[in-house]
Amino acid sequence: MDECSLYDTVIVTRSRSPHHAGVVNEPTSRAQGVNPLCGDRVRLSVRAGHDGIEDLRHETRGCAICIAATDLMAEVVTGRTRTDALELGQRFTDMLESQSPPGEVADDADMPEVLRAFLPLKTHRSRLRCATLPWTALGEALNHD
Amino acid sequence: MSASDTDVLSQADLSHLRAQFPILSQTVHGKPLVFLDSAASAQKPDVVIDGMAEMMRTQYANIHRGLHWMSERSTEAYEAARTRVAEFLGAAAREEIVFTRNSTEAINLVAYSYGSLLRPGQAVLISEMEHHANLVPWQMLRDRIGIELRVAPITDDGDLDLDAYGALLADGKVGLVAITHMSNVLGTVTPAERLVAMAHEAGARILLDGSQAVVHRRVNVQDLKADFYTFTGHKLYGPTGIGVLWARRELLDAMPPFMGGGDMISSVTFEKSVWAPVPAKFEAGTPAIVEAVGLGIAIDWVESIGFDAIGAHEAALTKHALRVLPEVPGLSVVGKPRERGGVVSFTMDDVHPHDIATLLDRNGIAVRAGHHCAEPLMRRLGLTATARASFAAYTTEHEIDVLAETLRRIRQFFV
Amino acid sequence: MSASDTDVLSQADLSHLRAQFPILSQTVHGKPLVFLDSAASAQKPDVVIDGMAEMMRTQYANIHRGLHWMSERSTEAYEAARTRVAEFLGAAAREEIVFTRNSTEAINLVAYSYGSLLRPGQAVLISEMEHHANLVPWQMLRDRIGIELRVAPITDDGDLDLDAYGALLADGKVGLVAITHMSNVLGTVTPAERLVAMAHEAGARILLDGSQAVVHRRVNVQDLKADFYTFTGHKLYGPTGIGVLWARRELLDAMPPFMGGGDMISSVTFEKSVWAPVPAKFEAGTPAIVEAVGLGIAIDWVESIGFDAIGAHEAALTKHALRVLPEVPGLSVVGKPRERGGVVSFTMDDVHPHDIATLLDRNGIAVRAGHHCAEPLMRRLGLTATARASFAAYTTEHEIDVLAETLRRIRQFFV
Amino acid sequence: MDECSLYDTVIVTRSRSPHHAGVVNEPTSRAQGVNPLCGDRVRLSVRAGHDGIEDLRHETRGCAICIAATDLMAEVVTGRTRTDALELGQRFTDMLESQSPPGEVADDADMPEVLRAFLPLKTHRSRLRCATLPWTALGEALNHD
């Protein structure tokens, strides 16, 4: 179907049954990200403590890329400090937006493997925001809690 | 081409026709291009591409006022394109044709210029299925001068609700109706003559947004008895950067200019300018000369095939699509209008339209997905987005089969 | 081309350069074309013509929102052209570039949008040597919202009178200055940095009409410290139908949109629309996609020659023209500005400029004659019309000699 | 100089020294024609009686074509009835504006020979108004006297 593996198994699976859907108990912050151009909408609820993000859940309406990106974000940021999480978001965005072809991206050893599933988006630039939207919302949530 | 004899495109006609569109032999992601996004913008035949290049190679200069040969030839070509458009729309006079960048600018021109003649207390009436191009300019006018904006609803099938339309006209406050002649989302062809007659009875003028309609059918503005009609060149196999406003002469005469500059005045002092006669009054500055000429060639091309043949071909394609697409598991076609042009929007359970479009693209198939610049319509339909396949004279039944087959595989992939 | 090494075009460079303009080998009335009307519109090199055709042949679709390959490629090409223009003007960010149809539309956009932020009692200050494009929009604004229109005089030599300019700014009421960077009649290059500094000191914003200036010299809007800058593609060896407004980001952000439609909103309901960020806010509807790409190619072409070489070449041509033309009996060159671009207007005793132009044309020579869309300037000069020869990168000294020789014969014929 | 004879001797001569410049005595009507695009201005003064146009003089500022056309108009309409003069103007305009090439114009036997000097204008359509402007002004004058 899709030889370039944009719709990697992890993306399709997560979009169909996200692991982190819902709302956290006793959230310390909430945020919403909307892409008005396509109607995608990500709602996040976060419980963060002194040591960082304890729990993060989402209600996402959107395409497979957006749902999977949100769900995988929830997975990789849980347990991280705020700073660490935001910095990861920046690196993820940079990885997708840099002009280098998908094969030759800077070797970011710290990039969680699951996030690399989005690399093929580099050749579908009109879909980039589907993957970065949850990270924008996370920035909102962490900067206003 | 034998098309005009038989009024339908034979297989041979169609191959001959497709061979005139160089882009159709391109591949995308290693697959032959299946271009089903013509309602967003149509591809251009060789004659248009070559004709524009030829003009720039051999007969180009700025137009009007140039007393030299190149300028006179360019002026003639530009003005001949105007005559061509006037014939194409059945206008009463060539002076009724104003060239704009696109349909959007044509509508904005009317909103700024004719709109400035409306008074607070009067209303503009649009419909629920307008493209943003025929909605936002009226909102801006409302916010500028305090008119009312009324919205005629559609039925669940996607037709204009004529009773409601009549009711909204009833108090006589509507100064201008602005309604699409064909929806770019639902494919609905609106009953234009009826709409015009009802508007006029209520004392309103009427603008028809023909951006989609002129591509699929012969339009005669005098038969329609419309007041304003707009379309855009790039959807009619013509170049980008050129669009058309038609309006009845006496309206154009009464309207103030939209933009100021060269060529739209007959005399200028620092105190006061005297406007040139129409259409010059509305064409400030150097126009899209080569693009107007390109549009003229595109119209020649369309007429060489003939609307009978194009219409019959597209009707056959649409019928075919409406048969095979609903057979794809989970797929729903949006709307069921009484009369539909070559546009089919659809959704698929469990697969977002954007994912559909991207996966189709990986198979060489170009469709559009999103709100199609008709957000309020999407909201009315309870959707955030649809995928949309749209057909042109060069589209084949086989391409629709490829679309259906690929949609089937996408669905399997996701479910 | 070795041009950039030596900063001047050798005879060989020039033949090579001319060979890239197919129209230059045309004949007119049996004579080789001598095209001296580039200030009205320049001819286009092969790369521009072929590049536009190539895009339509292989990589065309409507831009933005298209999730498919052709649409993404078209979007990239269109947005790359924006980046190219931003670099060309030295803009701080690519978002500061708004594509319009031409310079005229760019100025009208500012007059409608930024103009709506001015208040009665404030003034707009222009000069006596403006093209109608930079005069009529301000008259229309004056009549719409009741601002005052002030006009800075020029000296008899055709320079801006800086003392008077300063005096008109002195009361602090001027909200916006709108002045040409180079006159299309006199060739005067205005002291833009000075004008900007004086405007800013008086608390006014300043728009520079760069329609003529960008063709002849490198412009850097950040060095100039201007607020708005406009130019038009077709004079810069690019296609018709495309122009540019540059403005500082914070101004564009603060300005209301000009036209409404698709692509300029981020969300729409019937009640209210939310505008998209700049530059999209100012680009309603399908833009002149192919033409923007063509403009990008034209800029590449210009930069491949280099402004040092073009400037030196045109300065040499102008100097030559100012030497040989006044030797023609009865001929007077109009104006004697301190700095002059490649434009020379002239009159001849006992021969009307229109007769000059027609008789030159019969000898293959294209010049413009008339008021050059600058009627008030003509009145200031006490003329009704002039003939105007204007030079481009492809103009040769020999062509100027042919012009002078033919003018001599025309004069003999009439007297 | 001009092999197509657009600037026929009669045109050049008349433009340099018009025979009918000036103002008539006791005019019965006056009119002005202006071409704002080029600044040409034709001022006519006419004395017309029962039998038609008795005298017509002009003050013309403009190009050679315009001056000569005005002067030759004065010549050919003097002595004609109003109707006849207006009808001639119409035929003159039609002759120039018709799309047929200069060689093949309809054989208008009644067209005064001097007016045929303007036929080459057919290939310089941007100059047509220079020749028809005086006739427009004449229409004004005769319809409002």
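Think of it as A, B, C and D in the order they're written, each chain with its own count starting at 1.
Criterion: a residue touches a chain if its C-beta (ideal position, glycine included) is under 8 Å from a C-beta of that chain, and two chains touch if they have at least 3 such contacts.
Labels paired with UniProt names: A, D = SUF system NifU family Fe-S cluster assembly protein; B, C = cysteine desulfurase.
As the structure is a computational prediction, the values presented were derived from the model and not from experiment.
Student: What's the chain with its C-alpha centre farthest out from chain A?
Tutor: D
Student: For the interfaces B-D and A-B, which has the higher count of C-beta pairs in contact?
Tutor: Of B-D and A-B, it is A-B that has more C-beta pairs in contact.
Student: Provide the C-alpha centroid distance between chain B and chain D, rounded to the nearest whole angstrom.
Tutor: 47
Student: What whole-number Å value describes the gap between the mean CA coordinates of chain C and chain D?
Tutor: Spacing between the chain centres: roughly 39 Å.
Student: If you average the Cα atoms of chain B and of chain C to get two centres, how far apart are those centres in Å?
Tutor: 31
Student: Which residue numbers or ranges of chain A touch two or more of the other chains?
Tutor: Each of 37, 124, 127 in chain A touches at least two other chains.
Student: I need the residues of chain C touching at least two other chains; which ones are they?
Tutor: 29, 65-67, 71, 267, 354, 358, 361, 370
Student: Given the complex with chain D, which residues does chain B contribute to the contact?
Tutor: 65-67, 71-72, 75-76, 266-267, 274
Student: Which positions of chain C touch chain D when the two form their complex?
Tutor: Going through chain C, the ones touching chain D are 29, 350-355, 358-359, 361-362, 370-371, 378, 384-385, 409-410, 413-414.
Student: Could you pull out which chain A residues touch chain C in their complex?
Tutor: Touch residues, chain A against chain C: 36-37, 124-127.
Student: So in the complex, which bits of chain C are touching chain B?
Tutor: 22-23, 26, 28-29, 33, 35, 37, 40-41, 43-44, 48-50, 52-53, 56-62, 65-71, 101-105, 107-108, 111-112, 131-133, 135-140, 149, 151, 232, 234, 239-242, 257, 259-265, 267-270, 272-273, 284-291, 354, 357-358, 360-361, 365-370, 373, 375-376, 379
Student: Touching chain C in the complex: which residues of chain D?
Tutor: Touch list, chain D to chain C: 1-4, 6-7, 12, 16, 37-39, 61-65, 124, 127, 130.
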